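Reading through the C-alpha coordinates given below for one structure.
Naming follows writing order (A, B, C and D), and every chain is counted from residue 1.
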Amino acid sequence: MFKSETKIQVRYAETDMMGVVYHANYLVWMEIGRTELVKNLGFSYKEMEDEGYVSPVTDIQVSYKRGARYGDEVTVVTKIAYYDGLRTHYGVEMFNQNNELLCTAKVEVIVVKKENFRPISLRKVFPHWHEVYEKNKIIV
Amino acid sequence: MFKSETKIQVRYAETDMMGVVYHANYLVWMEIGRTELVKNLGFSYKEMEDEGYVSPVTDIQVSYKRGARYGDEVTVVTKIAYYDGLRTHYGVEMFNQNNELLCTAKVEVIVVKKENFRPISLRKVFPHWHEVYEKNKIIV
Amino acid sequence: MFKSETKIQVRYAETDMMGVVYHANYLVWMEIGRTELVKNLGFSYKEMEDEGYVSPVTDIQVSYKRGARYGDEVTVVTKIAYYDGLRTHYGVEMFNQNNELLCTAKVEVIVVKKENFRPISLRKVFPHWHEVYEKNKIIV
Amino acid sequence: MFKSETKIQVRYAETDMMGVVYHANYLVWMEIGRTELVKNLGFSYKEMEDEGYVSPVTDIQVSYKRGARYGDEVTVVTKIAYYDGLRTHYGVEMFNQNNELLCTAKVEVIVVKKENFRPISLRKVFPHWHEVYEKNKIIV
(Lines give C-alpha, C1' and ligand atoms only; values in the text may rest on other atoms or scores of the structure.)
Protein backbone atom coordinates (compact mmCIF):
# COMPACT_ATOMS: atom_id res chain seq x y z
CA MET A 1 0.00 0.00 0.00
CA PHE A 2 1.24 3.38 -1.03
CA LYS A 3 0.57 6.75 0.52
CA SER A 4 1.54 10.23 -0.50
CA GLU A 5 2.03 13.21 1.81
CA THR A 6 1.69 16.79 0.61
CA LYS A 7 2.31 19.95 2.62
CA ILE A 8 -0.05 22.92 2.13
CA GLN A 9 0.47 26.40 3.58
CA VAL A 10 -2.96 27.91 4.24
CA ARG A 11 -3.56 30.98 2.05
CA TYR A 12 -5.28 34.08 3.35
CA ALA A 13 -7.60 33.93 0.34
CA GLU A 14 -8.75 30.49 1.47
CA THR A 15 -10.21 31.73 4.76
CA ASP A 16 -13.70 33.14 5.20
CA MET A 17 -15.32 35.47 7.72
CA MET A 18 -15.82 32.50 10.07
CA GLY A 19 -12.05 32.78 10.60
CA VAL A 20 -11.29 29.32 9.21
CA VAL A 21 -10.67 27.89 5.76
CA TYR A 22 -13.83 27.85 3.62
CA HIS A 23 -14.93 24.21 3.38
CA ALA A 24 -14.89 24.01 -0.43
CA ASN A 25 -11.16 24.75 -0.46
CA TYR A 26 -10.41 21.36 1.11
CA LEU A 27 -11.44 19.87 -2.26
CA VAL A 28 -8.72 21.90 -3.97
CA TRP A 29 -6.15 20.56 -1.52
CA MET A 30 -7.39 16.99 -2.15
CA GLU A 31 -6.72 17.47 -5.82
CA ILE A 32 -3.19 18.67 -5.08
CA GLY A 33 -2.77 15.54 -2.95
CA ARG A 34 -3.94 13.27 -5.81
CA THR A 35 -1.62 14.99 -8.28
CA GLU A 36 1.27 14.43 -5.87
CA LEU A 37 0.39 10.75 -5.44
CA VAL A 38 0.23 10.30 -9.22
CA LYS A 39 3.63 12.01 -9.52
CA ASN A 40 5.15 9.90 -6.76
CA LEU A 41 4.02 6.76 -8.61
CA GLY A 42 5.91 7.97 -11.69
CA PHE A 43 3.13 9.51 -13.78
CA SER A 44 1.98 13.00 -14.70
CA TYR A 45 -1.60 14.19 -14.69
CA LYS A 46 -0.54 17.01 -17.01
CA GLU A 47 0.72 14.53 -19.61
CA MET A 48 -2.54 12.59 -19.46
CA GLU A 49 -4.38 15.82 -20.30
CA ASP A 50 -1.95 16.58 -23.12
CA GLU A 51 -2.92 13.21 -24.61
CA GLY A 52 -6.59 14.23 -24.63
CA TYR A 53 -7.93 12.78 -21.39
CA VAL A 54 -9.24 14.45 -18.25
CA SER A 55 -10.14 13.00 -14.89
CA PRO A 56 -13.34 14.41 -13.39
CA VAL A 57 -14.51 13.79 -9.84
CA THR A 58 -17.70 11.69 -9.87
CA ASP A 59 -18.35 11.38 -6.15
CA ILE A 60 -16.99 12.97 -3.02
CA GLN A 61 -17.59 12.42 0.69
CA VAL A 62 -15.98 14.66 3.26
CA SER A 63 -16.25 14.52 7.02
CA TYR A 64 -15.03 17.81 8.49
CA LYS A 65 -13.51 17.49 11.98
CA ARG A 66 -11.72 20.76 12.67
CA GLY A 67 -11.19 24.03 10.81
CA ALA A 68 -7.81 24.84 9.30
CA ARG A 69 -6.63 28.37 10.06
CA TYR A 70 -4.39 30.93 8.42
CA GLY A 71 -0.81 30.21 9.44
CA ASP A 72 -1.40 26.43 9.59
CA GLU A 73 0.67 23.96 7.64
CA VAL A 74 -1.60 21.18 6.51
CA THR A 75 -0.47 17.67 5.60
CA VAL A 76 -2.66 15.91 3.04
CA VAL A 77 -2.29 12.11 3.18
CA THR A 78 -3.61 10.37 0.07
CA LYS A 79 -4.03 6.65 -0.63
CA ILE A 80 -5.61 4.53 -3.35
CA ALA A 81 -8.55 3.17 -1.37
CA TYR A 82 -10.13 1.28 -4.27
CA TYR A 83 -9.36 0.71 -7.94
CA ASP A 84 -11.11 -1.53 -10.47
CA GLY A 85 -9.60 -0.52 -13.81
CA LEU A 86 -12.28 2.11 -14.37
CA ARG A 87 -12.91 3.93 -11.11
CA THR A 88 -10.39 5.04 -8.51
CA HIS A 89 -11.31 5.95 -4.94
CA TYR A 90 -8.74 8.07 -3.18
CA GLY A 91 -8.77 7.98 0.61
CA VAL A 92 -7.72 11.28 2.14
CA GLU A 93 -6.82 12.46 5.64
CA MET A 94 -5.65 15.95 6.54
CA PHE A 95 -3.77 17.04 9.64
CA ASN A 96 -2.54 20.39 10.90
CA GLN A 97 0.96 21.02 12.29
CA ASN A 98 -0.15 19.76 15.72
CA ASN A 99 -1.16 16.46 14.15
CA GLU A 100 -4.84 17.22 14.76
CA LEU A 101 -7.19 15.62 12.24
CA LEU A 102 -8.92 18.22 10.03
CA CYS A 103 -10.97 15.93 7.81
CA THR A 104 -11.30 12.54 6.23
CA ALA A 105 -12.58 12.06 2.71
CA LYS A 106 -13.18 9.67 -0.12
CA VAL A 107 -12.93 10.97 -3.68
CA GLU A 108 -14.02 8.93 -6.69
CA VAL A 109 -12.59 9.84 -10.08
CA ILE A 110 -12.80 8.36 -13.54
CA VAL A 111 -10.90 9.12 -16.74
CA VAL A 112 -12.78 10.42 -19.79
CA LYS A 113 -11.94 11.62 -23.29
CA LYS A 114 -11.76 15.38 -23.14
CA GLU A 115 -13.66 15.86 -26.42
CA ASN A 116 -16.80 13.97 -25.43
CA PHE A 117 -16.48 13.14 -21.71
CA ARG A 118 -16.93 9.41 -22.43
CA PRO A 119 -15.35 7.22 -19.72
CA ILE A 120 -12.39 5.08 -20.75
CA SER A 121 -10.82 2.04 -19.17
CA LEU A 122 -7.47 2.89 -17.59
CA ARG A 123 -6.61 -0.77 -18.01
CA LYS A 124 -6.86 -0.50 -21.79
CA VAL A 125 -5.71 3.06 -22.53
CA PHE A 126 -2.99 3.42 -19.89
CA PRO A 127 -1.91 -0.19 -19.14
CA HIS A 128 1.25 0.78 -17.27
CA TRP A 129 -0.70 3.18 -15.07
CA HIS A 130 -3.22 0.37 -14.48
CA GLU A 131 -0.52 -2.05 -13.39
CA VAL A 132 0.98 0.38 -10.90
CA TYR A 133 -2.45 1.27 -9.45
CA GLU A 134 -3.28 -2.43 -9.06
CA LYS A 135 -0.04 -2.95 -7.17
CA ASN A 136 -0.40 0.06 -4.88
CA LYS A 137 -4.06 0.03 -3.96
CA ILE A 138 -5.15 -0.89 -0.44
CA ILE A 139 -5.85 -4.58 -0.14
CA VAL A 140 -9.12 -5.12 1.64
CA MET B 1 -42.26 19.57 3.01
CA PHE B 2 -40.59 22.73 1.84
CA LYS B 3 -38.21 23.24 -1.02
CA SER B 4 -36.32 26.27 -2.20
CA GLU B 5 -35.17 26.98 -5.76
CA THR B 6 -32.26 29.28 -6.54
CA LYS B 7 -31.02 30.32 -9.98
CA ILE B 8 -27.27 30.56 -10.57
CA GLN B 9 -25.63 32.00 -13.68
CA VAL B 10 -22.33 30.15 -14.24
CA ARG B 11 -19.37 32.52 -13.88
CA TYR B 12 -16.35 32.33 -16.16
CA ALA B 13 -14.14 32.25 -13.06
CA GLU B 14 -15.90 29.06 -11.96
CA THR B 15 -14.79 27.05 -14.99
CA ASP B 16 -11.47 25.22 -15.29
CA MET B 17 -9.34 24.06 -18.22
CA MET B 18 -11.52 20.94 -18.51
CA GLY B 19 -14.12 23.34 -19.96
CA VAL B 20 -16.64 22.74 -17.18
CA VAL B 21 -17.27 24.18 -13.72
CA TYR B 22 -14.58 23.15 -11.23
CA HIS B 23 -16.19 20.60 -8.90
CA ALA B 24 -15.48 22.50 -5.65
CA ASN B 25 -17.62 25.41 -6.85
CA TYR B 26 -20.77 23.31 -6.56
CA LEU B 27 -20.27 23.57 -2.79
CA VAL B 28 -20.44 27.36 -3.04
CA TRP B 29 -23.73 27.09 -4.95
CA MET B 30 -25.09 24.70 -2.31
CA GLU B 31 -24.41 27.32 0.32
CA ILE B 32 -26.26 29.93 -1.71
CA GLY B 33 -29.14 27.46 -1.93
CA ARG B 34 -29.19 26.95 1.86
CA THR B 35 -29.10 30.71 2.47
CA GLU B 36 -32.08 31.08 0.13
CA LEU B 37 -34.02 28.33 1.87
CA VAL B 38 -33.34 29.96 5.25
CA LYS B 39 -34.52 33.28 3.85
CA ASN B 40 -37.65 31.75 2.32
CA LEU B 41 -38.53 30.30 5.73
CA GLY B 42 -38.34 33.79 7.20
CA PHE B 43 -34.89 33.83 8.77
CA SER B 44 -31.52 35.37 7.99
CA TYR B 45 -28.20 33.59 8.17
CA LYS B 46 -26.52 37.01 8.37
CA GLU B 47 -28.50 37.88 11.51
CA MET B 48 -27.54 34.60 13.14
CA GLU B 49 -23.89 35.51 12.58
CA ASP B 50 -24.46 38.99 13.96
CA GLU B 51 -25.70 37.33 17.16
CA GLY B 52 -22.41 35.42 17.49
CA TYR B 53 -23.19 32.07 15.87
CA VAL B 54 -21.85 30.45 12.72
CA SER B 55 -22.95 27.35 10.88
CA PRO B 56 -20.08 25.18 9.66
CA VAL B 57 -20.50 22.21 7.32
CA THR B 58 -19.65 18.98 9.15
CA ASP B 59 -20.24 16.46 6.40
CA ILE B 60 -20.85 16.59 2.67
CA GLN B 61 -21.63 13.99 0.06
CA VAL B 62 -21.85 14.92 -3.60
CA SER B 63 -22.60 12.70 -6.56
CA TYR B 64 -21.58 14.50 -9.76
CA LYS B 65 -23.66 13.55 -12.81
CA ARG B 66 -22.88 16.13 -15.49
CA GLY B 67 -20.63 19.17 -15.79
CA ALA B 68 -22.13 22.65 -15.71
CA ARG B 69 -20.78 24.93 -18.43
CA TYR B 70 -20.27 28.65 -18.91
CA GLY B 71 -23.52 30.12 -20.18
CA ASP B 72 -25.64 27.64 -18.24
CA GLU B 73 -28.33 28.73 -15.83
CA VAL B 74 -28.34 26.32 -12.93
CA THR B 75 -31.28 25.69 -10.62
CA VAL B 76 -30.34 24.62 -7.11
CA VAL B 77 -33.18 22.79 -5.35
CA THR B 78 -32.72 22.59 -1.57
CA LYS B 79 -34.77 20.70 1.03
CA ILE B 80 -34.46 19.93 4.74
CA ALA B 81 -33.74 16.21 4.48
CA TYR B 82 -33.24 15.66 8.20
CA TYR B 83 -33.34 17.76 11.35
CA ASP B 84 -33.03 16.71 14.98
CA GLY B 85 -32.65 20.00 16.88
CA LEU B 86 -28.88 19.88 16.58
CA ARG B 87 -27.95 18.74 13.09
CA THR B 88 -29.57 19.67 9.81
CA HIS B 89 -29.12 17.68 6.61
CA TYR B 90 -29.91 19.62 3.47
CA GLY B 91 -30.79 17.58 0.40
CA VAL B 92 -29.68 19.25 -2.82
CA GLU B 93 -30.31 18.66 -6.50
CA MET B 94 -29.01 20.83 -9.33
CA PHE B 95 -30.29 21.07 -12.86
CA ASN B 96 -29.20 23.00 -15.93
CA GLN B 97 -31.56 24.97 -18.18
CA ASN B 98 -32.39 21.76 -20.13
CA ASN B 99 -33.55 20.16 -16.88
CA GLU B 100 -30.58 17.79 -16.94
CA LEU B 101 -29.43 16.66 -13.49
CA LEU B 102 -25.96 18.02 -12.64
CA CYS B 103 -25.55 16.59 -9.15
CA THR B 104 -27.25 15.38 -6.02
CA ALA B 105 -25.85 16.11 -2.58
CA LYS B 106 -26.41 15.89 1.14
CA VAL B 107 -24.90 18.58 3.34
CA GLU B 108 -24.82 18.33 7.13
CA VAL B 109 -24.44 21.54 9.11
CA ILE B 110 -24.50 22.40 12.79
CA VAL B 111 -24.60 25.74 14.61
CA VAL B 112 -21.70 26.75 16.88
CA LYS B 113 -20.72 29.76 18.95
CA LYS B 114 -18.33 31.81 16.85
CA GLU B 115 -15.91 32.46 19.71
CA ASN B 116 -15.19 28.83 20.61
CA PHE B 117 -16.83 26.69 17.88
CA ARG B 118 -18.87 24.78 20.51
CA PRO B 119 -22.08 23.28 19.04
CA ILE B 120 -25.34 24.67 20.31
CA SER B 121 -28.86 23.32 20.25
CA LEU B 122 -31.00 25.18 17.74
CA ARG B 123 -33.98 24.05 19.77
CA LYS B 124 -32.77 26.00 22.81
CA VAL B 125 -31.02 29.02 21.33
CA PHE B 126 -33.28 29.68 18.34
CA PRO B 127 -36.64 28.08 19.35
CA HIS B 128 -38.65 29.75 16.57
CA TRP B 129 -36.15 28.58 13.97
CA HIS B 130 -36.39 25.09 15.51
CA GLU B 131 -40.16 25.05 15.24
CA VAL B 132 -40.16 26.06 11.59
CA TYR B 133 -37.48 23.48 10.71
CA GLU B 134 -39.48 20.76 12.49
CA LYS B 135 -42.54 21.70 10.48
CA ASN B 136 -40.80 21.85 7.11
CA LYS B 137 -38.44 18.89 7.19
CA ILE B 138 -39.09 15.87 5.02
CA ILE B 139 -41.17 13.27 6.81
CA VAL B 140 -39.57 9.88 6.37
CA MET C 1 -22.63 56.79 -23.84
CA PHE C 2 -23.85 53.48 -22.55
CA LYS C 3 -23.66 52.03 -19.08
CA SER C 4 -24.65 48.69 -17.69
CA GLU C 5 -25.70 47.94 -14.11
CA THR C 6 -25.39 44.50 -12.56
CA LYS C 7 -26.53 43.41 -9.10
CA ILE C 8 -24.32 41.03 -7.13
CA GLN C 9 -25.28 39.35 -3.84
CA VAL C 10 -22.11 38.89 -1.79
CA ARG C 11 -21.36 35.19 -1.28
CA TYR C 12 -20.07 33.82 2.02
CA ALA C 13 -17.26 32.10 0.10
CA GLU C 14 -16.11 35.51 -1.15
CA THR C 15 -15.31 36.83 2.32
CA ASP C 16 -12.03 36.30 4.15
CA MET C 17 -11.02 36.33 7.82
CA MET C 18 -10.74 40.13 7.67
CA GLY C 19 -14.54 40.03 7.60
CA VAL C 20 -14.85 41.66 4.18
CA VAL C 21 -14.79 40.41 0.59
CA TYR C 22 -11.32 39.23 -0.46
CA HIS C 23 -9.98 41.86 -2.85
CA ALA C 24 -9.35 39.49 -5.78
CA ASN C 25 -13.07 38.68 -5.95
CA TYR C 26 -13.85 42.19 -7.16
CA LEU C 27 -12.17 41.15 -10.44
CA VAL C 28 -14.68 38.33 -10.80
CA TRP C 29 -17.55 40.79 -10.33
CA MET C 30 -16.00 43.12 -12.92
CA GLU C 31 -16.07 40.28 -15.41
CA ILE C 32 -19.74 39.66 -14.67
CA GLY C 33 -20.30 43.37 -15.26
CA ARG C 34 -18.53 43.25 -18.65
CA THR C 35 -20.51 40.19 -19.69
CA GLU C 36 -23.73 42.01 -18.79
CA LEU C 37 -22.70 45.12 -20.76
CA VAL C 38 -21.89 42.96 -23.79
CA LYS C 39 -25.28 41.25 -23.46
CA ASN C 40 -27.11 44.57 -23.09
CA LEU C 41 -25.49 45.76 -26.32
CA GLY C 42 -26.91 42.71 -28.11
CA PHE C 43 -23.93 40.36 -28.15
CA SER C 44 -22.85 37.21 -26.32
CA TYR C 45 -19.41 36.57 -24.93
CA LYS C 46 -20.23 32.85 -24.94
CA GLU C 47 -20.89 32.92 -28.70
CA MET C 48 -17.58 34.69 -29.31
CA GLU C 49 -15.84 31.84 -27.51
CA ASP C 50 -17.80 29.25 -29.48
CA GLU C 51 -16.39 30.85 -32.64
CA GLY C 52 -12.83 30.31 -31.37
CA TYR C 53 -11.98 33.62 -29.72
CA VAL C 54 -11.31 34.54 -26.11
CA SER C 55 -10.91 37.88 -24.44
CA PRO C 56 -8.08 38.02 -21.87
CA VAL C 57 -7.51 40.92 -19.50
CA THR C 58 -4.23 42.66 -20.35
CA ASP C 59 -4.20 45.39 -17.74
CA ILE C 60 -6.16 46.19 -14.61
CA GLN C 61 -6.16 49.07 -12.17
CA VAL C 62 -8.33 48.99 -9.08
CA SER C 63 -8.67 51.60 -6.38
CA TYR C 64 -10.31 50.03 -3.31
CA LYS C 65 -12.38 52.47 -1.23
CA ARG C 66 -14.46 50.36 1.13
CA GLY C 67 -14.88 46.66 1.84
CA ALA C 68 -18.00 44.83 0.70
CA ARG C 69 -19.52 42.61 3.38
CA TYR C 70 -21.62 39.47 3.50
CA GLY C 71 -25.25 40.46 3.16
CA ASP C 72 -24.45 43.41 0.91
CA GLU C 73 -26.02 43.85 -2.50
CA VAL C 74 -23.41 45.33 -4.79
CA THR C 75 -24.15 47.28 -7.97
CA VAL C 76 -21.47 47.05 -10.64
CA VAL C 77 -21.61 49.96 -13.10
CA THR C 78 -19.69 49.30 -16.32
CA LYS C 79 -18.92 51.66 -19.23
CA ILE C 80 -16.78 51.55 -22.35
CA ALA C 81 -14.13 54.05 -21.31
CA TYR C 82 -11.97 53.64 -24.42
CA TYR C 83 -12.09 51.61 -27.61
CA ASP C 84 -9.80 51.72 -30.64
CA GLY C 85 -10.77 48.67 -32.68
CA LEU C 86 -8.22 46.51 -30.90
CA ARG C 87 -8.27 47.35 -27.21
CA THR C 88 -11.23 48.06 -24.98
CA HIS C 89 -10.98 49.80 -21.63
CA TYR C 90 -13.93 49.20 -19.35
CA GLY C 91 -14.53 51.78 -16.63
CA VAL C 92 -16.05 50.26 -13.51
CA GLU C 93 -17.58 51.62 -10.33
CA MET C 94 -19.09 49.53 -7.55
CA PHE C 95 -21.54 50.61 -4.88
CA ASN C 96 -23.18 48.88 -1.95
CA GLN C 97 -26.91 49.09 -1.10
CA ASN C 98 -26.30 52.37 0.77
CA ASN C 99 -24.83 53.87 -2.39
CA GLU C 100 -21.35 53.93 -0.83
CA LEU C 101 -18.53 53.63 -3.33
CA LEU C 102 -16.62 50.35 -2.94
CA CYS C 103 -14.08 50.72 -5.74
CA THR C 104 -13.28 52.24 -9.08
CA ALA C 105 -11.41 50.35 -11.77
CA LYS C 106 -10.19 50.32 -15.32
CA VAL C 107 -9.92 46.99 -17.11
CA GLU C 108 -8.21 46.61 -20.48
CA VAL C 109 -9.11 43.58 -22.61
CA ILE C 110 -8.24 42.42 -26.08
CA VAL C 111 -9.60 39.62 -28.24
CA VAL C 112 -7.33 36.75 -29.31
CA LYS C 113 -7.65 33.50 -31.23
CA LYS C 114 -8.08 30.75 -28.66
CA GLU C 115 -5.67 28.37 -30.42
CA ASN C 116 -2.62 30.65 -30.41
CA PHE C 117 -3.53 33.70 -28.28
CA ARG C 118 -2.73 36.06 -31.21
CA PRO C 119 -4.61 39.38 -30.93
CA ILE C 120 -7.22 40.09 -33.58
CA SER C 121 -8.86 43.29 -34.70
CA LEU C 122 -12.45 43.48 -33.54
CA ARG C 123 -13.01 45.89 -36.41
CA LYS C 124 -12.16 43.19 -38.96
CA VAL C 125 -13.37 39.99 -37.35
CA PHE C 126 -16.52 41.26 -35.62
CA PRO C 127 -17.46 44.40 -37.64
CA HIS C 128 -20.96 44.71 -36.17
CA TRP C 129 -19.56 44.49 -32.64
CA HIS C 130 -16.99 47.14 -33.65
CA GLU C 131 -19.68 49.49 -34.88
CA VAL C 132 -21.72 49.22 -31.70
CA TYR C 133 -18.66 49.74 -29.49
CA GLU C 134 -17.67 52.83 -31.50
CA LYS C 135 -21.15 54.23 -31.01
CA ASN C 136 -21.37 53.55 -27.28
CA LYS C 137 -17.94 54.41 -26.01
CA ILE C 138 -17.40 57.47 -23.86
CA ILE C 139 -16.54 60.52 -25.94
CA VAL C 140 -13.56 62.26 -24.43
CA MET D 1 17.22 46.90 -1.60
CA PHE D 2 15.63 43.62 -0.63
CA LYS D 3 13.75 41.18 -2.80
CA SER D 4 11.89 38.01 -1.99
CA GLU D 5 11.31 35.06 -4.33
CA THR D 6 8.43 32.64 -3.86
CA LYS D 7 7.74 29.51 -5.91
CA ILE D 8 4.12 28.69 -6.81
CA GLN D 9 2.93 25.44 -8.41
CA VAL D 10 -0.08 26.26 -10.59
CA ARG D 11 -3.22 24.53 -9.27
CA TYR D 12 -5.80 22.96 -11.57
CA ALA D 13 -8.48 24.92 -9.73
CA GLU D 14 -6.74 28.16 -10.73
CA THR D 15 -7.20 27.60 -14.47
CA ASP D 16 -10.28 28.57 -16.45
CA MET D 17 -11.82 27.36 -19.71
CA MET D 18 -9.45 29.65 -21.62
CA GLY D 19 -6.79 27.06 -20.65
CA VAL D 20 -4.72 29.51 -18.60
CA VAL D 21 -4.79 30.75 -15.01
CA TYR D 22 -7.79 32.98 -14.31
CA HIS D 23 -6.44 36.52 -14.01
CA ALA D 24 -7.79 37.21 -10.51
CA ASN D 25 -5.67 34.36 -9.11
CA TYR D 26 -2.48 36.35 -9.75
CA LEU D 27 -3.60 38.62 -6.89
CA VAL D 28 -3.65 35.62 -4.55
CA TRP D 29 -0.08 34.76 -5.57
CA MET D 30 0.97 38.38 -4.97
CA GLU D 31 -0.31 38.12 -1.44
CA ILE D 32 1.69 34.94 -0.90
CA GLY D 33 4.72 36.84 -2.21
CA ARG D 34 4.14 39.71 0.23
CA THR D 35 3.74 37.30 3.15
CA GLU D 36 7.03 35.66 2.19
CA LEU D 37 8.83 39.01 1.97
CA VAL D 38 7.48 39.98 5.40
CA LYS D 39 8.67 36.63 6.78
CA ASN D 40 12.10 36.97 5.16
CA LEU D 41 12.48 40.36 6.85
CA GLY D 42 11.85 38.72 10.22
CA PHE D 43 8.16 39.50 10.80
CA SER D 44 4.89 37.61 10.68
CA TYR D 45 1.70 38.84 9.08
CA LYS D 46 -0.21 36.30 11.21
CA GLU D 47 1.15 37.86 14.42
CA MET D 48 0.14 41.34 13.27
CA GLU D 49 -3.42 40.05 12.85
CA ASP D 50 -3.31 38.38 16.25
CA GLU D 51 -2.52 41.82 17.70
CA GLY D 52 -5.68 43.25 16.13
CA TYR D 53 -4.45 44.75 12.87
CA VAL D 54 -5.12 43.80 9.27
CA SER D 55 -3.54 44.98 6.07
CA PRO D 56 -6.01 45.61 3.24
CA VAL D 57 -5.03 46.31 -0.36
CA THR D 58 -5.98 49.88 -1.29
CA ASP D 59 -4.75 50.00 -4.87
CA ILE D 60 -3.56 47.48 -7.42
CA GLN D 61 -2.17 47.75 -10.93
CA VAL D 62 -1.40 44.65 -12.95
CA SER D 63 -0.01 44.41 -16.45
CA TYR D 64 -0.60 40.89 -17.79
CA LYS D 65 2.02 39.71 -20.29
CA ARG D 66 1.55 35.97 -20.67
CA GLY D 67 -0.80 33.35 -19.25
CA ALA D 68 0.45 30.88 -16.65
CA ARG D 69 -0.59 27.30 -17.38
CA TYR D 70 -1.24 24.17 -15.37
CA GLY D 71 2.08 22.42 -14.77
CA ASP D 72 4.00 25.70 -14.62
CA GLU D 73 6.18 26.64 -11.68
CA VAL D 74 5.85 30.37 -11.17
CA THR D 75 8.39 32.57 -9.39
CA VAL D 76 6.94 35.62 -7.68
CA VAL D 77 9.56 38.35 -7.12
CA THR D 78 8.47 40.96 -4.56
CA LYS D 79 10.18 44.22 -3.57
CA ILE D 80 9.30 47.21 -1.40
CA ALA D 81 8.88 49.78 -4.16
CA TYR D 82 7.79 52.63 -1.89
CA TYR D 83 7.22 53.12 1.81
CA ASP D 84 6.37 56.28 3.75
CA GLY D 85 5.47 55.07 7.23
CA LEU D 86 1.82 54.72 6.29
CA ARG D 87 1.57 53.24 2.84
CA THR D 88 3.66 50.45 1.31
CA HIS D 89 3.88 49.80 -2.41
CA TYR D 90 5.05 46.34 -3.31
CA GLY D 91 6.58 45.88 -6.74
CA VAL D 92 5.92 42.45 -8.20
CA GLU D 93 7.19 40.49 -11.18
CA MET D 94 6.23 36.91 -12.03
CA PHE D 95 8.09 34.49 -14.25
CA ASN D 96 7.41 30.95 -15.40
CA GLN D 97 9.99 28.13 -15.35
CA ASN D 98 11.34 29.30 -18.75
CA ASN D 99 12.01 32.72 -17.24
CA GLU D 100 9.26 34.27 -19.34
CA LEU D 101 7.62 37.31 -17.76
CA LEU D 102 3.98 36.63 -16.83
CA CYS D 103 3.09 39.99 -15.28
CA THR D 104 4.29 43.06 -13.48
CA ALA D 105 2.30 44.71 -10.73
CA LYS D 106 2.24 47.33 -8.06
CA VAL D 107 0.20 46.69 -4.92
CA GLU D 108 -0.50 49.37 -2.33
CA VAL D 109 -1.40 48.27 1.19
CA ILE D 110 -2.01 50.04 4.46
CA VAL D 111 -2.44 48.76 8.01
CA VAL D 112 -5.73 49.31 9.85
CA LYS D 113 -7.25 48.36 13.18
CA LYS D 114 -9.37 45.28 12.59
CA GLU D 115 -12.26 46.53 14.72
CA ASN D 116 -12.88 49.79 12.85
CA PHE D 117 -10.69 49.70 9.72
CA ARG D 118 -9.01 52.99 10.73
CA PRO D 119 -5.51 53.36 9.21
CA ILE D 120 -2.60 53.36 11.61
CA SER D 121 0.97 54.56 11.26
CA LEU D 122 3.38 51.63 11.02
CA ARG D 123 6.04 54.03 12.25
CA LYS D 124 4.21 54.51 15.55
CA VAL D 125 2.54 51.16 16.17
CA PHE D 126 5.23 48.83 14.80
CA PRO D 127 8.47 50.88 15.05
CA HIS D 128 10.83 47.93 14.46
CA TRP D 129 8.87 46.94 11.37
CA HIS D 130 9.06 50.57 10.24
CA GLU D 131 12.84 50.68 10.64
CA VAL D 132 13.38 47.51 8.64
CA TYR D 133 11.05 48.69 5.83
CA GLU D 134 12.88 52.03 5.67
CA LYS D 135 16.18 50.21 5.32
CA ASN D 136 15.02 47.74 2.67
CA LYS D 137 12.87 49.86 0.40
CA ILE D 138 14.04 50.75 -3.09
CA ILE D 139 15.92 54.02 -3.13
CA VAL D 140 14.70 56.16 -5.96
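Please note the rule applied: contacts are C-beta pairs under 8 Å (C-beta built on N, C-alpha and C of every residue); 3 or more make two chains touch, one makes a residue touch a chain.
Please read all numbers here as calculations on a predicted model, not as lab measurements.
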Quickly list, by label, the chains bordering both chain A and chain B.
C, D
Over half of interface residue numbers shared between chain A and chain D means same, under half means different, so which is it?
same
Pick out whichever of the two, B-C or C-D, is joined by more C-beta pairs in contact.
C-D
In whole angstrom, how far does the Cα centroid of chain B sit from the Cα centroid of chain D?
34
Centroid of chain B to centroid of chain C, CA atoms only: how many Å?
29
Expressed in whole Å, how far the mean CA point of chain C lies from that of chain D is 24
Chain C touches at least 2 other chains through residues 12-13, 17-20, 24, 28, 49, 70
For the complex, give me every residue of chain A touching chain D.
9, 11-13, 28, 31-32, 35, 45-46, 49, 70-71
What does chain B use to touch chain D in their complex?
12-13, 15-20, 22, 24, 70
Considering the complex alone, what residue numbers of chain C touch chain D?
17-20, 23-25, 27-28, 49, 54, 56-64, 67, 114, 117
